[in-house]
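Take this structure, written in structure tokens, and hold onto it; I'll ask about it next.
Chain naming follows the written order as A, B, C, D and E, and within any one chain the residues start at number 1.
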């Protein structure tokens, strides 16, 4: 594949992810509204929101460090775009494209949106935003550990394949990883981490005041805010998709496509349901939760996976 | 015999231009003299019509005349619409007197000690004064209550037949 | 009924009472010597179980008046108002707050809006007005206050 | 009509600013707009918490001496284009609290620009919605 | 080691009518001291009323607050009537009672909703605000406005209740009754609510007497104070109803009082509609004679007190107003000290201080950077909601 095609693909995939991601956030809002006996917004609402924000004035607070303030959202967007690009490429063409080790790259890139939020929050020099940023930081530290452990499970199961394409092909031929105890546990961990990565209740402490002050994004307006919203929307699609790739064998082709979409939707429903049935957790509790329970689950999953590998028992 | 508060209704004409002050400050912008003038109007100027257009005109039944024809205005009902004033064929109900906001005068306590109240010292036209009143009252002077005197050309109903033109 | 209650009040704290107006069976106004306000109020509040409702400060042009309103909830619900007349130039009277907690706020309010001093009040900070816009000695509820 | 304006009319995020002396009824009615019967999210109206995200400020209550500097500051912090809607008689014209000794001598619409007045005491939720819709409609002309 | 922090709650939030600032001093998780600051929304209404005629004042006092918007005018007109010895026709008395009780109904539902929100039952919130609408509909049909009814007038009421209004009210009441049953079942039998609210923020009858607290706050502590019965006015002495009073004094008791009061309110409304005599609704008074008068009304939150002095003109020379929250709020000090901050919001909410403040709070560390809030108002609400969630789990719900 030549470079030009790659670049064009990159943009097409990013745009596609953005559109689908925005639609997903609409589904989220609509479901929430229906739970509260309301009608909820029309389908184009997220698009209107983003377009409107693009047309608004961008205010950089006096005390803020301008460059960091303006660049951070772009970093986040770049990160999530690259991730989605790599993941979709792997999904569409598990054997051909990709490079060895793209899994590692994705893991790193997935931290970027969170980092961008943290930098943005700190750069805006608003006390509330810095509280938000420090919370986001704690949260990131908290969920990153089980997240990595979850990936370790996958690695053990795949025998050390560091390429997404390889993972997908392996699962398509040898059965999905989630069809084992360790895989299932890994899925649970993955869903919880997804919840946190998406900044959803109960792990939205960083943006705790969504209704009140906007937390980390408090000082953002106009285009940078739109970029953050877009990043968030793309994450909505990308992070669950990543899990689908890791544990559920991607999307596949032919009859696999509706099934693959179903896998994604299943994850999404889980996320939305958790969000609507739980009160917000305090950050300390969230950290404890991730380092305690979730990490424990992840470690058990790792142990089971190792055991399964050693003994050659597939369902462990 | 003590000094009394006197209003000269003929001199008191400068209605638009209130320089007058009042020390009864229970209501903001209170003009005690307005209450006194309203009293004087009903007592002395009003013609006590038999068919009282003012009473008939009042949409709120706020004006009432007793059997002597003496008017009283019920301040809880009056809405200050001034229909009565328009209806009065003699123009006796003065525009600045018939107000929604009723003023109060407590006959300043210093009247008793012989000091001139604020309304007297602040009246630009010398229409409100504080003076010794000879007894019996001179012509065109009328005592209302026991501390308040009005100087006015008084109109009196006469029983003589109206001359035919 | 209410007459009996008034008689008992007179018997208990009569030395402070200067006069009584029984407006109707539910409203009684008792003129008292400001110096005895604590004793009279405590008698009503503690011994008779009356509820301390509120106090009203009135600028009478020549003097200030403070009325403490106590409600005899257990004895027919009559409202007893203790009327104290204060000097216009230096209005001051004993505070009820050390005895009746309910009078804490209202005394702070009266001192700030009307400029009445309550001697013995434990916590005479401002309650309503910010010191930024309201210098000392400006009392908006007084009649001579001009905005 | 530019896309920018069109998008604004489809996604007005509102920030509720109680200017100080209000009787709270306007505020309750604004909240009422969010509850099941009126559900303004249907029109994309969202109540947001940071003035930086605001497309419209809904101001209720009179400006008091204590809050006047804050109100001005909040308006300056809002990203433009930003609309100001005066909700209720108090915000429109200081209503009956005009003569209060704590009222700010300068009314709201002289302190900051006001783009729409929704009179009423309090305006019904329907009125508020109608007011906002009319304001948005006037933008697209 | 003591971990002392100050939590300021307030000063103002859109939801709030009388902005207040609370400074909670907490040691670890326990509240040890409290300071309250009020006056953020001070408008000087008492002074303003001196510039208005007796007929205009009801419109001013009804705007003291949107939720007690008929309680203040009612207490005020009674004060003027007391001052001027003015008679009121009987039909007007019934109409006054009716409107006041409609207001109580919607105010209590508002409370139930917001208390539910603080406890993490958002469904309760949405539902009770949904069922508040029929009452507002009734108010609008009968008085012409959803909130500021403008019904009270010295000497009577401004608008009559027409026969079709009576039918309309009766036709909408069942909806509300049904919801009241639902709420009653949900509140009185819910083990989680029992665990969450019982024994929290207890106030003894002595505390109540100390602070002069009124309304549901006092009736939940076994002090059966209710002006409607102690000093009957309007038609309260003429229809059949009971004072709800429970002895426990905790937050749960306050919820129980309010929920059960809704039934009494409906009873009063029905009684009024049934017994209302025909006749005049306004005695059209002529003047208010010089004098002084006191008017009281049991608002949804407790006794509203108005004192009016007249000098014979048509404007009061002194008008003193005391809202129930003014005496109820200081009790927060007693009820919150010694409790955990998890319960601070709901204890405050139990007073029903027109819900305010609780939304915009921030916790400040005593030492270190004084400007760094480490906990916000929504954190407190969340703490409260978490506790509920925990209990729900315990009870397997």
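As a convention for this text, a contact is a pair of C-beta atoms (placed from the backbone, for glycine too) under 8 Å apart; a residue touches a chain by one contact, two chains touch by 3 or more.
Not measured: the values here are computed from a predicted model.
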(Q) Give me the set of chains touching chain D intersected with the set touching chain E. (A) A, C
Q: Hop across touching chains from chain A and tell me the fewest hops that reach chain E.
A: 1
**Q.** Most distant chain from chain D, judged by the mean position of its C-alpha atoms
**A.** B
(Q) When I count C-beta pairs in contact, which pair ends up with more: C-E or B-E? (A) C-E
Q | Distance between the centres, which are taken as Cα means, of chain B and chain A, whole angstrom | A | 85
**Q.** Whole-Å gap between the CA centroids of chain C and chain D
**A.** 42
Q: Round to the nearest whole Å and give the separation of the Cα centres of chain B and chain C.
A: 39
Q) Between chain B and chain D, what is the gap in Å from one C-alpha centre to the other? A) 50
Q. So which stretches of chain C touch two or more other chains?
A. 129-130, 140, 145
Q: Can you tell me which residues of chain B touch two or more of the remaining chains?
A: 26
Q: Please set out, as single numbers or ranges, the residues of chain E touching at least two other chains.
A: 42, 44, 47, 51, 126, 130, 317
Q) What pairs of chains are touching here? A) A-D, A-E, B-C, B-E, C-D, C-E, D-E
(Q) Looking at the complex, which residues from chain B come into contact with chain C? (A) 24-26, 109
Q.
For a test of understanding, state which residues of chain A touch chain D in their complex under the given definition.
A. 29, 33, 36-42, 44-45, 48-49, 51-52, 54-59, 209-214, 217-222, 225
Q) Within the complex, which stretch of chain E touches chain C? A) 38-39, 42, 44, 46-47, 82, 209-212, 214, 225, 227, 229-232, 292-294, 296, 303, 305, 307, 309, 317-318, 320, 322, 326-327, 330
**Q.** Of chain D, residues touching chain C in the complex
**A.** 65-66, 99, 101-102
**Q.** In the complex with chain D, residue positions of chain C that touch it
**A.** 129-130, 132-133, 140, 145, 147
